[in-house]
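You will see two complexes here that share subunit A, one where it goes with subunit B and one where it goes with subunit C.
Coming up: the complex of A and B.
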């Protein structure tokens, strides 16, 4: 049974993408200082969603999970967006290194003047990690690891459809285990590089996990949303409320995990009150970012805690769709308050530039992913655990 | 639980596979045969649904236990750190519970979990009537190893004879059908 990508859905994604293009042009002309931070924000979010899908597959391969094979074609399709998001991030990094303009700037430490004069940068060992050559090398490494493993897992899964047998499954298991180890390191370093180094003087050891939790939750929300979209088309009859229950359970669990890490980071910095650390939270709580920060906390913690705890709420499709949208938006706001205070400071606003670009990236993401989904069968018919997935019952 | 006098009127159906037990229970319940209990070495997934056992209410009471834990933890911290001996938390001498709350969250969380978990355990033992020195209520000791034993009490099924039930059992993948007095002679 195949998915045909067309009709209203296709038009909608194209319309969203066109809105995004308009927002980029509008942003470049009317609000130039908001353009690059928003590009980074959206490129990072949708890269995070894509890689979250691959982590979902890899975790289940490594842990010999069964039920996930019912929905595994959806996160596999996310891999097709990964190069777009990641090369955009690479483009932003390279552009930022050669940009001399004050307006189009994201990472302050890339300024040659900063690298020559900033005493913290020169004397605290930051210079070894944050320098142009190493930074570009790392981003290329992330692309190689993240995209490489996502691509191979997807390729082997499709090969399995044709030739059957256990060979591809075994290969995927080994590759997934290696990927999870590498991703454990690179998700942290990528979080430091793309997000934490915006505030070049600031550092937090919890930041990597905090970003990883956000990545995984957003990826899971997108998997759930696209699966439910396919179900609404009358496809994937083997996916029932038990699979949605498990997906939502993961969303709930990792929302709580996100909060745990968020609070761990906040409490230690609040408690110790060191000037170079507390600055990060002062920027977010003593300015008008306060509203965004607190809203993100409410949407990502209080909302799932109250609305997703019960068994019945995890099994109603309409309810889960609503909750996943809210949590996805919550993580948009969360990353918004991570990126914006360090880049555009008090000149922020949420207007057509922000919402239009988010819509545009969403449209592009959905276009690429749904297009990739329509090219291959939705059921991994030779997956060894497929029967278990079809009988899944909780 | 069945006493030894009652046990003569009990049929014990022995299965050797959890899926067969579940399917068998479903088939018997479909025919209107009431099953008193199923003894199993491990929880069989979905069996409570088939036997029509009401969902547990322990999660509702757990919320109130947790709320009790939160309250007690905050009360303890308030008394120790604010009221009785005012503490300067992290160089912030505000002496206020609300302003120092981040420092108290971990302890509050731990005590909430501790108190909720312990009280839930005691509640479970109490409602299951489990206590030290209790006699074994298991009709067939093999159900603690590799067999699944279904207990059907004839008094529960007044409309059917024992032979009706046994012939219904033979249609399932049952391994043995025993009258309980064969195993436990008075």
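Coming up: the complex of A and C.
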């Protein structure tokens, strides 16, 4: 029983993508300084969601999880969007390095003038780390590792359908372990590169793990949402409230983990109050950004804490759909307050440029992922733990 | 019904029956200890007594008998404290977090890991207690009204948060451990023939009769306590890390500290559990319950947490270099190349490099290697705390205050003494408590027992529509 991608769903994703295109054109004309930061924001979020899916698969391969095999085709399909998101990020980096435009700008340090005159830049490792060539090299490395492993894991999973046996499973276990090691390093460095370096003088050792937490939660939310969409189509009858319960449990747990690292970073900087660190939060808690920062905190922490704690709430499809949407939006706002203060400062707003582009990226992501899902079986029929997943009961 | 894929290794070997499980686990309590046990117990108890003697010597003479000085006011005492607290993390992690993750292999090891937690926290709590010097006013730690003393505690201080975190953690861990023990104590009670012993086990098992209602409540309480312990176990080392990270000392104030300390704590705790279990399974003949498969899982966690700690070390180094803050920059340069370089490189090789050997399946499943590497990790994690604490302190902002720290024989002696206390308690535990959770182990016999797996393998194949494999 395969998924057919068509009808209303297909039209909806196309409409969303067209709205996004309109928002980009509108943004370029009406709000030019907001265009690139928003492109970065959306490209990063949907890359994060996609790689979050691969991490979900890899963690379960390495830890020999069983129940996840019922839904693993969903995150596998995320790999189709990964190159789009990541090459867009690369494009933004290259554009910013060579653009002389004052309006279309993201990373302050890419300005040749900054690289020649900034005292902190010149007297620290930034001179080496934030060097144009090295930076582009790293981004290409991220693409190779993240996309490469996502692609291979999906390929072997599909091969398993055809030839059976344990060979592909064993290969995937090894590849997943290697991927997790590489991702353990590159998730941090990518977070420094794409996001932390926007505020070129600021630094925080926690930043990598903070970004990782957001990536994983967003990925989990999207896995849950698409699984529930498929269930609403009458597909995946082997997935029941027990699987959704486990997925939501992970969303809950990693929302708390996200809060933990958020608070750890914030509290230590607030407590010690060093000028080179506290500026970051002074800006984010100024009247300008306070609303966004605090709303993100409420949606990503208070909301799941209260609404996802109970057992029943994790087992109702409609409720879980609602919660996953809210948390996904919470992480949109969180990354919004990471990116905007260092790029467009007080000129931020949430208007058609922002919402339209988010809708557009969502449409594109869904189009690509659902299209990929429709091409292959939803059940990994030869997965050695599939029977465990089918009997899953908690 | 809970079914299991045939490619999962069995967790209980030797084709056990329910009765055999009880027999095997209760045997050490009912039998007599051998000479080896008495020998090891005597050595541990003597060491413990020696440590206690040195603690009293410290009380009588003053903190001056330690190697502390005006610049390095915290050294071995806090290093030992953090080391022991870290070791204590594995018990709760195994009993609570692995329960939430439905890891069945935890059943064989949770009891002794929890016991170890409690003993480790006792050893840890010794150090802040004796560091105050005037132990007769040690209750000033607590926020008591002023008529009990002249000091009102500082609620802004992470040291006070630490006190709360550890005492809460200790109480909840103790409760969790004890509740798990009740049904097993009842099993021991029902088998005892010595009236006096029977009376003791009757008292400690709180009249457990094993009816359905009691089991139902037991399960509920276990789940609630697991839910409570999970944030608690994370909070303890988080707050320990804040003892350092809320300061302005270079090398201490870094935002990654909370999760990095927690990962390190789990790392060292698992290593200590490995060390203890490898000996225990042999001495008490429990090889069929604590199998090589169990050791492999533990080694995988050691490798994972060791690598997380490794990422944190590298992050600290790179960000210190990236930040452009010269003090941070110097602090890390001094760690790696300064007078304590040997401590830094011991830490790096023991904690980051040596666990990578577990990538090799043969090493991961070798008892000798597991034992050897678990000791190495314990040593490495002690050095980690020493490096963080002493190398950051001994280079003050004011170069005229620069100094070195050298431990005295009292410093060393008290640390060895706490090892004695720890092993004494653990040895006593191993002869009077069921060291494996009997009831919980039985609950997985008809899923993960080797006899059961063999019997149902063909059913599993039939049940699914899979046409694979082997």
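Basically, the second predicted complex is superposed on the first by the 393 of 394 C-alpha atoms of A that agree within 3 Å, B and C clash if a C-alpha of one lies under 4 Å from a C-alpha of the other, contacts with A are read in each partner's own complex, and residues count from 1 in each chain.
To be clear about the criterion, a residue touches a chain if its C-beta (ideal position, glycine included) is under 8 Å from a C-beta of that chain, and two chains touch if they have at least 3 such contacts.
All figures in this text were calculated on a predicted structure; none of them were measured in a lab.
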Partners on subunit A (subunit B, subunit C) - clash or fit: clash
Which superposed partner A:123 touches (first subunit B, second subunit C, both, neither): second
First, second, both or neither for A:373, with subunit B first and subunit C second: neither
First, second, both or neither for A:143, with subunit B first and subunit C second: neither
Touching partner for A:272 - first (subunit B), second (subunit C), both, neither: both
Subunit B versus subunit C as contact partner of A:215, first or second or both or neither: neither
Touching partner for A:393 - first (subunit B), second (subunit C), both, neither: both
Which of subunit B and subunit C A:385 touches, first, second, both or neither: second
Superposed model, subunit A: greater residue contact from subunit B or subunit C: C
Among 91-99, 145-153 or 163-171 on subunit B, the segment whose C-alpha atoms clash with subunit C after superposition: 145-153
Overlap of subunit C and subunit B interfaces on subunit A (superposed complexes): 267, 271-272, 393-394
Subunit A residues within the subunit C interface of the complex: 64, 66, 120-121, 123-126, 129, 164-166, 181, 184-185, 188, 192, 201, 203-209, 256, 260-261, 264-265, 267-269, 271-272, 274, 276, 381-382, 384-388, 390-391, 393-394
Subunit C residues touching subunit A - in the complex, by the definition given at the top: 1-5, 7-8, 102, 231, 234, 238, 242, 245-248, 253-259, 307-308, 311-312, 314-316, 318-319, 321-325, 329, 460, 463-470
Contact footprint of subunit A on subunit B as seen in their complex: 45-46, 89-92, 102-103, 105-106
Residue numbers on subunit A that touch subunit B, as the complex places them: 263, 266-267, 270-273, 393-394
